[in-house]
Amino acid sequence: MSILLDRGNRVLIQGITGHMGTFFVEDARRYGTQVVAGVSPGREGAEVGGVPVFGSVRAARETTGADTAIVFVPPAAVLGAALEAIEGGCRLVVATADELPVQDAIELRAAARAHSAAFVGPNTPGIISPGKAKLGFMPSFCYGRGPVGVISRSGSLSYECCKRLTLAGIGQSTVIGIGGDPVKGTTAAEALALFHDDPETEALLYLGEIGGSDEDEVAWYAARAEAKPVAALIVGRTAPPGKKMGHAAALIGSRADGHAAKVTLLSDAGVAVAATLTEVIPAMRAALARRPAPAAAYATAPQRS
Amino acid sequence: MMMLEYQGKQLLRSAGVNVPDGIVVPRNGRAVEKIADRVEHYPVAVKAQVASGSRGKRGGVLRTETPQAMVACARQLFDTVFGEERPRALLIEPWLAIERELYLSVTVDGRADGYAVIYAPKGGIDIEDGPPPVRYGVGAAQRFRAHELRHALAGAESDYQLREKVVALAQRLVRAAAAHDCTTIEINPLAVLAGGELVAADAKVVRDEWAAFRNEQIRAAREEAKRRAGKLLRGCLDMQHMYVRLDGDIGLISGGAGMTMAAMDMIAEFGGRPACFLDCSPGPTSTRGYRPAFALLDADPQVKVILVSVFGGGTQMQRVANSMKEIMRERKSAKPVVFRLDGTNVDQVPAILGGFGARNHDRLEDAVAEAVRLAKGAR
Amino acid sequence: MMMLEYQGKQLLRSAGVNVPDGIVVPRNGRAVEKIADRVEHYPVAVKAQVASGSRGKRGGVLRTETPQAMVACARQLFDTVFGEERPRALLIEPWLAIERELYLSVTVDGRADGYAVIYAPKGGIDIEDGPPPVRYGVGAAQRFRAHELRHALAGAESDYQLREKVVALAQRLVRAAAAHDCTTIEINPLAVLAGGELVAADAKVVRDEWAAFRNEQIRAAREEAKRRAGKLLRGCLDMQHMYVRLDGDIGLISGGAGMTMAAMDMIAEFGGRPACFLDCSPGPTSTRGYRPAFALLDADPQVKVILVSVFGGGTQMQRVANSMKEIMRERKSAKPVVFRLDGTNVDQVPAILGGFGARNHDRLEDAVAEAVRLAKGAR
Amino acid sequence: MSILLDRGNRVLIQGITGHMGTFFVEDARRYGTQVVAGVSPGREGAEVGGVPVFGSVRAARETTGADTAIVFVPPAAVLGAALEAIEGGCRLVVATADELPVQDAIELRAAARAHSAAFVGPNTPGIISPGKAKLGFMPSFCYGRGPVGVISRSGSLSYECCKRLTLAGIGQSTVIGIGGDPVKGTTAAEALALFHDDPETEALLYLGEIGGSDEDEVAWYAARAEAKPVAALIVGRTAPPGKKMGHAAALIGSRADGHAAKVTLLSDAGVAVAATLTEVIPAMRAALARRPAPAAAYATAPQRS
């Protein structure tokens, strides 16, 4: 198992005729992702790397049974494209774009909730279930299949950390980039809930940063008696207050936004917290050491890579 | 993008919010002389227009009773440095006879899936220093419900007539925030005058820079910010780089906000001090993209060594390596550069860097240790 | 409330829409002389800024090649009357090299429960004169869906790259309409330039005057309209009366839009001619409310007789009758007044009117017949 | 029967402590309307004419079982008050206010649809079911109970016409003011559908004007084979084009908006059209003459006044 994405997802690419879309066709397919359709209005009838192009999500879905979308269009067009996918019945929609106005993220989140679709993004590399499928532009070689569910506010940081995990022999069930914006298609809390219900996931790694309130949700989860063990890395210890550190949400505006407050909050909730990157693997091992024996935790035996 | 107080108040006024009838004095020698002609009633508040916070505590707001005193105050404020900036303008307003000070803000809040309204019955101070304020999670702007905010305010604000005015004002603010792509509109203090009228005595408005394509004011403000930046920084801003200057000596050219902070933190952990947060990932990851980053850090005397740390997904690392090769060839500065490139096609990187005598560090730890060592040596 | 072209274009520009880089010349003798200094490239379009439609057909847009010709055109346009108005300003724009003209508008449409987007692949003409345009019913602004408009356009617009640009522009217009309380934003023609760029060559923007409480521009425009009105009309506008001048001689003081039109129609049916649509119901139905209506019609030489027709629900008719008594007592004009009051408490009306020698007509027919008779006698 | 409103509605008044609200308490109750509650935030615990005042719709409904609301608050507050009533579970909400921004009407209409509530307004005197109840400020003496359903875009005009009907011995089942704004809580089409299903209503009188598209809906209904007979009055024959005649929607902007076009449209659909007020009663009689015999028309015998 894994969350949201596995070999079964039938993927359509919005903006398939663009640079990113074209690159993704090959890269994702090489990884095992079922790329079944592209959407590019006005270019219907064309093919990109053997993938048929349609003029609308509806046409693509009717012909190919696509149920998952990834959006590679310019920021001003993301709202329209992602709404089309969400309301057109896709159960998972990923929009990687950064530079999306927060108003548009607010609308997309509301639409996804209304249609019971999972929306991942914006400002994220996407989601990958190692050994099964990838839906985004993360570097495939960093990932290995295993028991750790990873949630990250930051793209590159998740590549770095997952490579460290994989080199340390710790595989991942699914790695989800929830993105660095304040309003998220999938929040840390929602990702935690999905991982909690996923039998393959035995422990969690949360990659957070200063600013925002996602860490509150992680702490809230970790403090529950039935929680799976959680490790976390919080970056931004050296970030000055009042300055936006790249991500819209990475800004220390109040005391609770700061590095120390977040580390304390998470530690108090029982999270194995890495205050810097060098401590990630030890923290992860500490969390994994706390997992219950598999027989007690799952009704069915989890699949391992 | 934070607007100056007077700009924020113009936005509020356009949305039907009461603001004092102020006069804006741009930074210009002659203008100061002429202010007195335009002010009819005293006392007035002379307010420095700066983006940095806690202006009040730093003496950026002065009360004056006479034209002579006002001109003197204006000169004084123009000459004062707040944080890192001198006032870009002054705002001169009638001194308000405030009966009560409230706090009201509308801000984007992930927990609310959109906007939240924050109210405190005691304003004028840092909201964190008082008791917990009332927080009403709105969500999308059109989800604002007057009766829900009214209900939320019931415990904190006993004056029901005032409560209704706050509800009506908050509704206007939420609508204006969405209409004008604001991520925060904070009124602190929100002044209650003797007649019960509410007036925005101060205004902090932050706009969403990503809405520039559909909002000319935001686009123009971004251009203006670039214009005000020095030539070198402007080169970086033109490439969409995100730059925050810090006080260390290790210049960091990095990709990804989280990864950049992780590298900063590791520099500190290894005993060094980062000179900046410089995330180059939003722009082109090509020679054209990285060149202004080097130009900026090479020209900064505080920077002793440059650490290039990029972990690429969609970015193909052999391209980044080739860009580095090109930049190193054309570069004049002798500052040492330490590389740690990883990610897609990283296997091609060592050969390319080796082609110009550089070495790629496999692990960030090694690169950071090297950069810290070089920086210490350079001191 | 219709905005002048240049005001509409300012609004469009603020919303990220391409508009020509124009110069606004206010109605002012000296300004005309100075225009030439500010224009760098010819030819230019000199456009009269008037609220009335079909300006183009009436010669309100002139193309000029030289500074001399431009100044002459400007003088000529300032002296021309369009409909009932002289231009309040001129707009001077570079003459566009238009490859194709489109039509695009966003307007409030009851059938759509909100906004509708209208598109025609051939613009520049009255949209009613062409084939039926594409109509996409949006509803509330946040219900705009790019793919739905794209689908609607598929049959009418074969150039898919242009179609995408129209979709993106329409999205921006719908958002701007809602954000700025516009009931119509019409771009006709929407010009396609050689590079495929879309430019709003003209702009008709109508704003919702009832949003004045939350929109300073609308509030100011209403005030400006009052200011431009003569003193007598201003008195009526201050009372929120709705006034449209017509060319007849029976002045109508009425209540309710439908009832006012019904009375106008009956006047015509009985062989008379109404001098106005004057609905006094939005304002106070008191002496204070009706007084400016009498002042306006008494002073209008075209009006020979005044018909007061009010059928009140929430309005209590004995109060209206008492107001009439007061106004008749203080009134100087000798123009005859015919009364037909009906509705709540009408049973008290005959006595009150009788108290000053007037008579209340039970039926509108009788009152209209009397007014028509008096008007004919007065000719 | 009647539509939307009868003796059963339990009415709450939003803005009961204002001038209009206070007047309405007495006037409506005198007519037989069950006025059970008022809402005036901050004034909870007070009474107006014996009616208890609450701080919210929720409190009013919980205590009094109110199921119907009429909104008498200033235009800037109508959106909030009406949303509270619609989303608070009232099945009928009337907002009489003119000067309501059309944006707010758009939101209210969407909310009413989402909650399956009937919303009547804005810019209307309200609704009255003669002899049963009134919810608005129309002059009661003009109305009598009977078989004609009246739909009007204009307030005073409906008083005038209903008085004429009543004097002519033609009573009304319900008179609904749909209002003069372009976006309506209840459209002509929706009012027609309600009257069509109302056994007491045997014929319809539609009071329209230039501008807008409501008349299209009336013609569309009247042209149906099973339609009840319709009479109509269209005012504005003497209105000049391009000028707003008081109502936001009463503006001749295209040929279809004009008086002649609307009269032709309706006549062609079989409507008995009065081109001016003097023809209303003859037109109404003509329509009534066309009604089928009651036995053929209804499964159950209609109640008559």
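Chains here go by letter, A, B, C and D, matching the order in which they are written, and residues are numbered from 1 within each.
In this section, a contact is a pair of C-beta atoms (placed from the backbone, for glycine too) under 8 Å apart; a residue touches a chain by one contact, two chains touch by 3 or more.
Just so you know, these numbers come straight off a predicted model, no measurement behind them.
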Item to complete: Sort out for me whether C-D or B-D is joined by the greater number of C-beta contact pairs.
Response: C-D
Practice prompt. State, to the nearest whole Å, the distance from the C-alpha centre of subunit B to the C-alpha centre of subunit D.
Written response: 53
Worksheet entry | Whole-Å separation of chain centres (CA-atom averages), subunit B against subunit C | 43
Worksheet item: Per the centroid of Cα atoms for each chain, what is the distance between subunit A and subunit B, given in Å?
Response: 27
Worksheet item: Out of subunit D, which residues touch more than one other chain, so two or more?
Response: 76, 107
Response to the item:
Residues of subunit C that touch two or more other chains sit at 140, 142, 178, 213-214
Practice prompt. Answer with line, ring, star, complete or other to describe the graph linking chains that touch.
Written response: other
Item to complete: Could you please write down every pair of chains that are in touch?
Response: A-B, A-C, B-C, B-D, C-D
Item to complete: Please name which positions on subunit D make contact with subunit B in the complex.
Response: 41-43, 55-58, 76-77, 79-81, 83-84, 87-88, 107
Fill in: Touching residues (chain side subunit B, partner subunit D) in the complex
142, 145-147, 150-151, 154, 160-161, 163-164, 167-168, 171
Worksheet, complete the sentence: The subunit C residues in contact with subunit B across the complex are 13-16, 140, 142, 172, 175, 178-180, 212-217, 219
Discussion item. Show me the residue ranges of subunit D that touch subunit C in the complex, using the header's touch definition.
Written reply: 20, 23, 75-76, 98-103, 106-107, 109-110, 113, 125, 136-139, 142, 152-160, 163, 180, 182-184, 187, 207, 209-210, 212-214, 216, 233, 235-240, 242-250, 254-255, 275-278
Worksheet item: In their complex, what parts of subunit C are in touch with subunit D?
Response: 52-53, 108-111, 113-115, 128, 139-141, 143, 178, 181, 183, 208, 210-211, 213-214, 242, 244, 246, 255-262, 264-269, 274, 277, 279, 281-282, 310-314, 342-344, 346, 364-365
